[in-house]
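One chain, chain A, appears in both complexes that follow, with chain B as partner in the first and chain C in the second.
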Partner chain A sequence: MTKRAIVAAVVMLAAPSSLAAREPFERPTYAGAYEPLGVDERGLWMQMDDYERAFRDSPLVVRDEALTKYVKSVLCKTVGPDRCEATRVYIVQDKLFNASMAPNGMMQVHTGLLARVHSEAELATVLGHEFAHFELRHSLNGFKEQRKGSDLMAWIGLAGAAAAPNTGLGFAQTPIAFGFFGFKRAQESEADALSASYIKASAYPLRASAVWTRLMEEEDALKEERKLRKIRRRNPGAIDTHPTDLQRVAYFAEQEAEAGAAEGDDGREAYGAETARVLPTLFDSLVKGNEFAAADYVIQSRANALGWDGLLLHARGELYRLRGNPRDLVTARQFYEQAIATGSAPAEAWRGAGLTAMRGGDSSAGKAALREYLVRLPQASDAAAMKMLLEN
Partner chain B sequence: MAIHRRSVIFVAVVLAAWSPSASAGWKLISAKETAQVDGLKVTPERDWNQGGRPGKQGRVWTQDGVGLNAIEFFSAIPAGGSLYKERDKKNNPMPKFDSGLLLPELADFFERSFRAANQLSDFTIVESAPTDIGGNKGLLVRYRYTMPNDELTRLGEARLAVVDGKLFVANYYAPQLHYFGAGLPEAQAMMQRVRF
Partner chain C sequence: MMNKWLAAAILAVSFLVMAPMAHGQEKGAVREGFSAETLSGKKILLFRPSVWVGEQSTGGLAEPNADWTAQAREFLNAELARRQIEFSNELIIEPDLVGEDAKLFSEHRALFNSVASSVVNYQFFAGNRLPTRKNKAFDWTLGEGTKAIAERTGAQYGLFVRTEDQYGSFGRKMFQVLAIGLVGAGVSSGKHVGYAGLVDLHTGNLVWLNADEQMGGDVRTEEGMQKRVGQLLEDFPGFKPVATAAK
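Moving on to the complex of A and B:
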């Protein structure tokens, strides 16, 4: 039995409801120089090839060859080098926890995802999930399912108008629409199951439940800050496209408890070292956004897992300074000073320390810090404005 | 006829929503005439279209549509006020202006406001430098950004000043491709000639 057949069998067992009902999964897309089959798949690939050609030059793509190579190497270790050669990985500047995979093999990984995972094994669960969508040709099947549903709805609408003009048959269309969302959820569960299978077959331990637990905690922190009701659902709603976070935690935790599933090097240290260099790229849009509690949760959870360094302390200082309550400025100044004390702070830490000191009425210390900022970063984008502040 | 009735209602709703706003939302600003935009006096070189309010104290002008070129004028935002309208207080709260901000920090406030209003993940300040607005000390901010799900690089140039504890802003932005450069000389001239 080949490795692929084993994986496919695991998926069949894990998600019998939808996979067994559809046509059997045939040609694996990773078998080198795969060409799309049939008019639907060819059309879908053609559209995605056009999209990728434009997207490749997008300013949203993070141009960091080393980081991109590193993320791809985690994918390759997860799904195997033969499969992963078919993919192109793009790191995208986006604060949301997300990644996606197009049917033609284009993978997008958001900076918000890289900020929120703490080891290669955690990253592997998400990359494996996206790759599973690709391998199982979920976009193609989803497109076909949607078309089938919309065809049927159109016929029902027409029949309703002709046969029962005053009653309509809208009620008959609703289950079809809900059925489509159920189909999407089943695809997501399938991708989760296949991702877990990839990881079990790799050198990584399965570390998926922690990722989803933290996402729930982050959401709770934000809702608490905004005085919104915290809702944790055990079952998805009729129009949800994904299983609920609680469901994901439950089924991943169950698999992690299996013998041998959680053993192996999770690549935490390597992940910490590889991403430390690019922390501003990963955290800037979170820090400068307006979800204070969520950003603070993400920063602190990274520190708990991987430790504080100058860049992370600076990021937390920025977060507090930008919220800007008088008490925040005091806290921010402490973070900047701690960042400077680590010896690994960016020049901007002196900027933050100087501004918060001046706002707090300590202008001599503030000006000294700003002078140091300009010595360390004479080409700073705000050098002229800082010089004017120092002269007054 | 359920479908026909639904279609008629839909068309009626669209027309009701569209016609008054289309006529009332825009106003012609004539070239070379000084226009009073809330607390600011602005003199354009060419005709502009004045649209709605991006913020409580703001007005937007455009020539080809706000997606292609726009200039916003905000007058006298008080401490605790936001630059852009707070459309969803619970889920997307806008940063609040603090009159104690130091001059370079106005760029941080502008960045956070612009990011929140447009839901941006990609925004970079290219330069922030001291400038003069209508005889007041202010800050010039040049920036670059990308809208979500959009591959166009967009550029902007804003001028901010705090006068008597209140914030005044003029902000020009457009796609880098043709529009920003084409409209920049007039936008700069207008911003430099602004009077309070």
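Moving on to the complex of A and C:
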């Protein structure tokens, strides 16, 4: 499919936003707190309300009020302050590039997403996308579609078995199943289109294609490491739930090229400053995950965009130290020392520098660093273990 | 050829029917060394019960129903309060907490659900039962982290209750009838599962668990809920001897 055809298809799927290309996008009037209507919608809300009641106290939620407020403020600038007020934002400790929004207005933003975007405008494209699912009530429609499809499949399965065992009527189920995935993909494209419209109506420039390009590069880096074939698909597979990354890059790039779409302050500096404080939290699950090349790509791409600082260098040191090959410890020590030299390193950088130095046969420098770690963080949970190392 | 299609159809149907197989029944267990005497005079903390009520669509999809669920929750709370007199213990309701305390409760509710599901899957019912659990003592624990809950609330035991009810929709019932009539395939309609469990908060040990994969009582009505709670608390060690005898 050509780029133009992809865009045309998307525009067809998202009828309301197709106007946006010509006329300025106007958000529908916000009518205040929304109450779910009908058995299905009220049922879904009930389910999510119950889920949220437990989830809000989950240990997975990052309890950092300043960060949560900041992310919510980006959402509000994207979709408008009136409609964003009802949402509850939760930052979730998870390495994946992901966010989600439930029908009842609960938004989850993964640390893996915050680690991978480099500006408010980039974050806005994902938050806007999730909010679009919410505003277009995609969960409800998806549920209805799934029910319709599975009901139909049940009847066809029964009819096939009962009436026409030799005709292969059972195959009629396949298009229904595939149709459902097509429906899901259409919802995703629709949410992308509405997200782009939100952003065009906001003060942010549209910066979506860069996010998806980097995701493809990250995947390539991981495949390179694992010696797997790199595949960039122009068309989604039959059971894909989302458009391919390449499709998304194509239709977003097309929209970004439109006059005025890419103008405005992308909030890169503000984003760098606000997230610098919490970098260890944002990179924690990534660094501890089992995808070395991907994590290293994410760290380096943040450095390319926002520069190295003590916390980011420390995160890279941890990545290498935790993989733990003898050669990794040498590299890790360099990163820890660079982190310390910046003057903005966390206390743990001295621990890393100390441990890697001792492993590398430089025990005097190692012990000095460990002592410094204990001076800087006397309450560290591993203080006792470090003291034991110092005594030997 | 006929058989092949029949098998395919049954397979397809079995994907849709996510209800447990026919061997699901009622099972309960008490930890060794635990009895009504151990429990006597101790406070019991009732964790917020987990209630879900809805329909089952023709294809087997669970359709939540907010009204039925809210109604059932009300009936359940009323019924537990009414039965307070049958307990030999004082029942206290889970407090509404924020911050670290809320996290503590949230973690342990989730932990209990996991452990209880493991008991149900790997010890109580045939099918997935683990060789290490088959015919072995009822020995499960949440760990000593529960101690903090005992300290916060003054309760020595924690009671968990869960019910899930999917009532077969009209379409599902029709499908069930036709499936058995036309091709002889057994399709279940509706799903009614529940469990109740008691944890010693000082040790974290699971001292009593009663699980039922085919529960009775229509939880959408007051009488039905009375029957349901009766089944959930069947052989609960904490009933007054008098109340147990009266049943």
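As a convention for this text, the second predicted complex is superposed on the first by the 358 of 392 C-alpha atoms of A that agree within 3 Å, B and C clash if a C-alpha of one lies under 4 Å from a C-alpha of the other, contacts with A are read in each partner's own complex, and residues count from 1 in each chain.
By definition in this document, a contact is a pair of C-beta atoms (placed from the backbone, for glycine too) under 8 Å apart; a residue touches a chain by one contact, two chains touch by 3 or more.
These figures come from a predicted structure and were not determined experimentally.
Superimposing the complexes on chain A yields a three-chain arrangement in which chain B and chain C clash. When the two complexes are overlaid on their common chain A, residue A:W155 makes contact with chain C while staying clear of chain B. Within the superposed three-chain model, A:V330 lies out of touch with both chain B and chain C [touch as defined at top]. In the superposition on chain A, contact is made by A:L322 with chain B only, not with chain C. Once the two complexes are overlaid on the shared chain, A:A238 sits clear of chain B and of chain C alike.
Once chain A of one complex is fitted onto chain A of the other, the partner contacts of A:Q47 are limited to chain C, with no touch recorded for chain B. Within the superposed three-chain model, A:P59 lies in touch with chain B and with chain C [touch as defined at top]. When both complexes are overlaid on chain A, the residue A:G289 reaches chain B alone and has no touch with chain C. When the shared chain is aligned, chain C comes close enough to touch A:R147, but chain B does not. When both complexes are overlaid on chain A, the residue A:K95 reaches chain B alone and has no touch with chain C. Overlaying the two complexes on chain A leaves one chain C stretch of 1-9, 19-27, 55-63 or 235-243 clashing with chain B, which is 1-9.
Within chain A, the residues touched by chain B in the first complex and by chain C in the second are 54, 57-59, 157, 160-161, 165-166, 170. Looking at the complex, you find that chain B touches chain A at residues 1-3, 90-95, 98, 100-105, 107-108, 111-112, 115-116, 120-123, 125-130, 139, 144, 146, 148, 151, 153. Chain contact summary for the complex, chain A toward chain C: residues 36, 39-40, 42-47, 50, 54, 56-59, 146-147, 149-155, 157-158, 160-162, 165-166, 170, 173. Residue ranges of chain A in contact with chain B, taken from their complex: 54-55, 57-60, 93-96, 111-112, 157, 160-161, 165-168, 170, 226-228, 285, 288-290, 321-322, 324, 355, 358-359, 381-382, 384-386, 388-389. For chain C in complex with chain A, the touching residues are 1-2, 5-6, 8-10, 12-13, 16, 50, 52, 54, 57-61, 63-67, 69-70, 97, 102-103, 105-107, 109-110, 171, 175, 178-179, 182-183, 185.
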